[in-house]
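These are the structures, in structure tokens.
Two complexes, one shared chain (chain A), two partners (chain B, chain C).
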Partner chain A sequence: MREIWDGLPVLAQDLMSAGALLLPLLVVGGVLLRGFRPWSLIRALMWRFRWANLLFVLLIAVSTGMGIGLIAQERGLRTGSAQAAEKFDLVVTAPGSELTMMLAAVFLQPSAVPLLDGAAYDRIANHPQVQIAAPVAFGDSHDGAPVVGTIADFVTYLSDGEIEGRIFTRSGEAVAGAAIDLQIGDRFTPAHGRGGGADAEAHDGVQIEIVGRMARSGSPWDRAILIPIETVWEVHGLANGHPFEEGDRIGPPFAPDLFPGTPAVIVHADELWANYALRSEFTEAGETMAFFPGTVLADLYRVMGDVRQAMSVMSVVTQVLVAASVLLGLFILTRLFQRQLAMLRALGAPRRFVMAVVWGYGVSLLLAGTVLGLAFGYAAVLVLSRIVTERTDILVTASISWAEVTLALGFLSAMSLLSLVPALVVLTRPVVENLRQ
Partner chain B sequence: MALPLQISDLEVRAGARTLLKVADLSAPAGALIGIRGPSGAGKSTFLHALSGLIEARGRLCWGEVDLIRLRPEGRTAFRAKNMGLIFQDFLLFDELSPQANAGLAGLFRVRHDRPPISARAAEALARLGVPEGRRTVGSFSGGERQRVAIARAMATDPGLLLADEPTASLDRRAADTLIDDLTSLVRASGKTLIAVSHDPHLLDRLDRILTIEDGRVTGDTGAQAA
Partner chain C sequence: MKHLLAALLMMATPVLAEDGHDHDAPAHAFEIGGLDILHPWTNATDHGPALLFMELHNEGSAPVEILGARLDSGVEGQLVGFRMKGGEMGFETLPPIPVAPDRQLALAPDGLAIRFDGLQVALEEGHHWQVILMTSAGELEIDVMIEADDARQHSHAGHSH
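And now, the complex of A and B:
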């Protein structure tokens, strides 16, 4: 059994579990409705209590939509941030908080971080297993976008070589991220610092020219402007990592004693397995710290997992409350309709027909609410993803997965069983009593 | 097909109280019978017993069938097949058209019953002069509504029509034309009609009047005739 199931394509599995979830609904519906045509009466009920019905449908839709939206959004953010960190195998920084360092070096969040010196960089760059050792220096900005100093190889690596124009080849040139509003040939003067405290005049006289633009990567680096790290040092009046005799040359190797320091080194090894060795090698007490951003993120998600669980519990509680109020509403509305239902019985309608009317009415409301809720959820995810992407440049893709659909269907199915209760209660009171009133 | 009525030792109780007690009563198929009496006398209760909507003791036979011996679902099926009910306040679905209201029974009957029900509903509506069209009955006058209700009762071609105060919600003129139409329709089709009413205009048009007081039949204009 297990093997057959595991052997099925994922879509078939999803469809089958959705079908299994809907089974109670389909069975009850089939048994109750067989041979009957209650739809015109259900429509009459719908119309008679249209405002109350609309309210119920919206209530169900909003609660379903919220639950779905939260789950989908959280997953989108998780996969989006993991993708944004994908290129960052190993990060070496001065010792400190891995999370702070990761946010600064990978997600380009402004923060003051200590520097690694030339000797430390030299050890990393000259390690036989290290293919790219990219110093990244941040602190300047243009128009709110971080201006990050690094080396050409890293820009190529980051963009997979997809650069419009060309890479920078000398100090004073820059490659812009896809979200930057500067074209090739544009020039700008970087401001010192970032955000509200940025000092636009500090680097007066410095002109940097855009020579290339990177393709979109779905990471905060889309909103970064990458310049040679030498330029960063030069505009701050520091040595530029190279002795005078080297002239205008940029990029590694750097002379350790002329290396002013870098907050982080992004390391890429040829072989995946080498990363573990490198991490322990570059973790030297008091000197350097090496970490996998992927692991830090995973830890973060684990902590957030509890929050997520709390969120799902809350959304389930909301759903249950909505379900209870909808059921109560069904009770009240069928009460108001009780004389007509009793009349049906007096006319010779079987119990099953009256149940079919009441149940069909409830399920129609639930179905409408659930479908609308899926639409709401999708719309919410769409809007939230756009907002998150705009704010953080982490590409969050909006998607409703089977997990959410399954959740909605499960709710629908369970509620459709509960809708039998008002239908049954209507039948417990004697027909004559209901006819009188 | 209309059925003769045969009652003996019928008793309806609610707890310790006896709501209705009828020792002996019979009526031929196709009779038009009126029931009158003071409020609270048990007229509606009698009608409910005749339609099998309440539990009773004794014998209550429509033709060969003793309703009291039947199980509840059997009584429901008997009602569906043999009885048309008319209520004082019509009990229509305001949201539906007259045709949909009159053909209501088609919604829960088997497929091959539907076309004749719908056809008879349309015929009865036409004979009773109900405005045609898709307008819902929510906007109908009382007289028009009661006609739709009568058409609904006729649509299944039952042998028996049971009416509880069919003219009480209507003004005099509407009541009078309705009485004309109802009695001629019933007579033409040979159905049995049992109508509870305070309305002398209606009672005058019926063959036989029972008086019920305090749960007992205290008068019967057909007793000497039989």
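And now, the complex of A and C:
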């Protein structure tokens, strides 16, 4: 049975799950409403107590929207951060914390990290299965944006070749990320360091010209300025990785003894399988550490998964509280029109018809609240995604998936069953007494 | 170096015995064509797929390719690599991977693995699983330790065998 289920397309599984969740509602609705047309009465009840009903629908919508928004936002952030790291197949650094190194090298978070020497870089760059071995050097900034030293091949790889203008070809040139507020031809002087402590005058006299702009990638590299790694070394008074007789040449190969060091080497192999072999080869005790950013993120997501579960529990608790409020509300609302219901019964309406009216009324409110809740959830995700993208440069896209729809349908279905309780209670009230009120 | 390791291992044996190691238990190290296979393990599962992990070290003079693995029942396991694609975690099928002389290759969670789909029997924690490793140097039956379903490494990881 499980194999048949696993063999079904994902959409078919989702549709069947949604159908199974809605089944109790459809069965109860079918049994109660069969042969009756209570909708004109329900519409009249809706209009008669419209403000109370509207408040009720909003209560359901806000609670459902909150749960949906939280879950969808967590997924959006997870997907966005994974996509931002997708270009980084393998990262080689000095031994240390993989998470710290990943945050520094992939997400460009400021961090003091140890350096790899020229011999280590040479061993990586000259490996026959390595296509790109990009050293990266960070620490400087301009107007809050990190200025990152690297090689031209990596800039082309990172941007998939989509560069307006051109790539840097000599020291002192730069390619700006898509979100950088500098135009081609503009010049800037990098500040030493990042954030509030950056020293804007440390590199006085250095002028770097923007010669190209990368297409938007949805990663923190959109807010980075990429320059030749030689420029970073030169402005810090270090050797530039090349012997004097090579003149102004930039890029690999570098002379190991003139290589000042790099905190990380981004490695891209020709073949996917080679990354796994390279990871084993470049992980040498006390020398170098190689890791897949995807693996580090997966570990992080496992921890986030626990947080997500906690969020889901909180969401369920909120829904239970709302369910209790909805039930209470339905009791109160049925008290509001108990005289009309008693009239119906006095006129000889069947007990099932009266139940159908009360249940149909409750389910209509729940349905409206749930649909509105999905819209609220989507709007919340849209706003939150924009804020997170603005603040982190990780492109978070808003979407409502089947997981959220399932949560909403589950709530609707469970509440539709519970709505039978006030419908039954109405029948237990004495008709004559209600008519006198 | 090998002699030194052997001497260290002999010295360590009484200590290991005191630590409660079961020396009647199946081996954790295997060898074929100069390729050392250490600590093969998998996670307990009742409905698969099962991912097979191990540490490989080529002590020989020729490269050895890892082709995959199979069971006596005929079920075949394929080399797969963990990959984040489109923001989703998943595995991609990989071609045979060579282990060059004096090189190591780790099959580990969220990295490289040999995946078995469609297992007919459950893999229970604490039991052992017989798997035939397929390499370019030949086939070898290895004894795979079944760890907890959420284990991230072999329970003897870090030990020298």
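The rule is simple: the second predicted complex is superposed on the first by the 407 of 437 C-alpha atoms of A that agree within 3 Å, B and C clash if a C-alpha of one lies under 4 Å from a C-alpha of the other, contacts with A are read in each partner's own complex, and residues count from 1 in each chain.
FYI, a contact is a pair of C-beta atoms (placed from the backbone, for glycine too) under 8 Å apart; a residue touches a chain by one contact, two chains touch by 3 or more.
Small disclaimer: the values here were computed from a predicted structure and weren't measured.
In the superposition on chain A, A:L367 contacts neither chain B nor chain C.
In the superposed model, A:L272 lies in contact with chain C only, and not with chain B.
Shared-chain residue A:Q340: touches chain B; no touch with chain C.
Contacts of A:E281 after superposition on the shared chain: chain C is touched, whereas chain B is not.
Of the two partner chains placed by superposition, only chain B is touched by A:G35; chain C is not. Of the two partner chains placed by the overlay, only chain C lies in contact with A:A298; chain B stays clear of it.
By the touch criterion stated above, A:L417 is placed in contact with neither chain B nor chain C.
Contacts of A:T79 after superposition on the shared chain: chain C is touched, whereas chain B is not.
By the touch criterion defined above, A:V206 reaches neither chain B nor chain C. On the side of chain C, the complex with chain A involves touching residues 47, 79, 81-89, 92, 94-95, 97-99, 103-106, 110-112, 118.
Contact residues of chain A toward chain C in the complex are 2-3, 78-80, 82-83, 85-86, 271-273, 275-277, 279-281, 283, 292-295, 297-299, 301. Every residue of chain A that touches chain B in the complex is listed here, in rising order: 35-38, 40-41, 43-44, 47-48, 339-340, 343-351, 353, 430-432, 435-436. Of all the residues in chain B, the ones that touch chain A in their complex are 44, 48, 51, 53-54, 73, 76-81, 83, 85, 87, 91, 93-96, 100, 104-108, 110-111, 152, 156.
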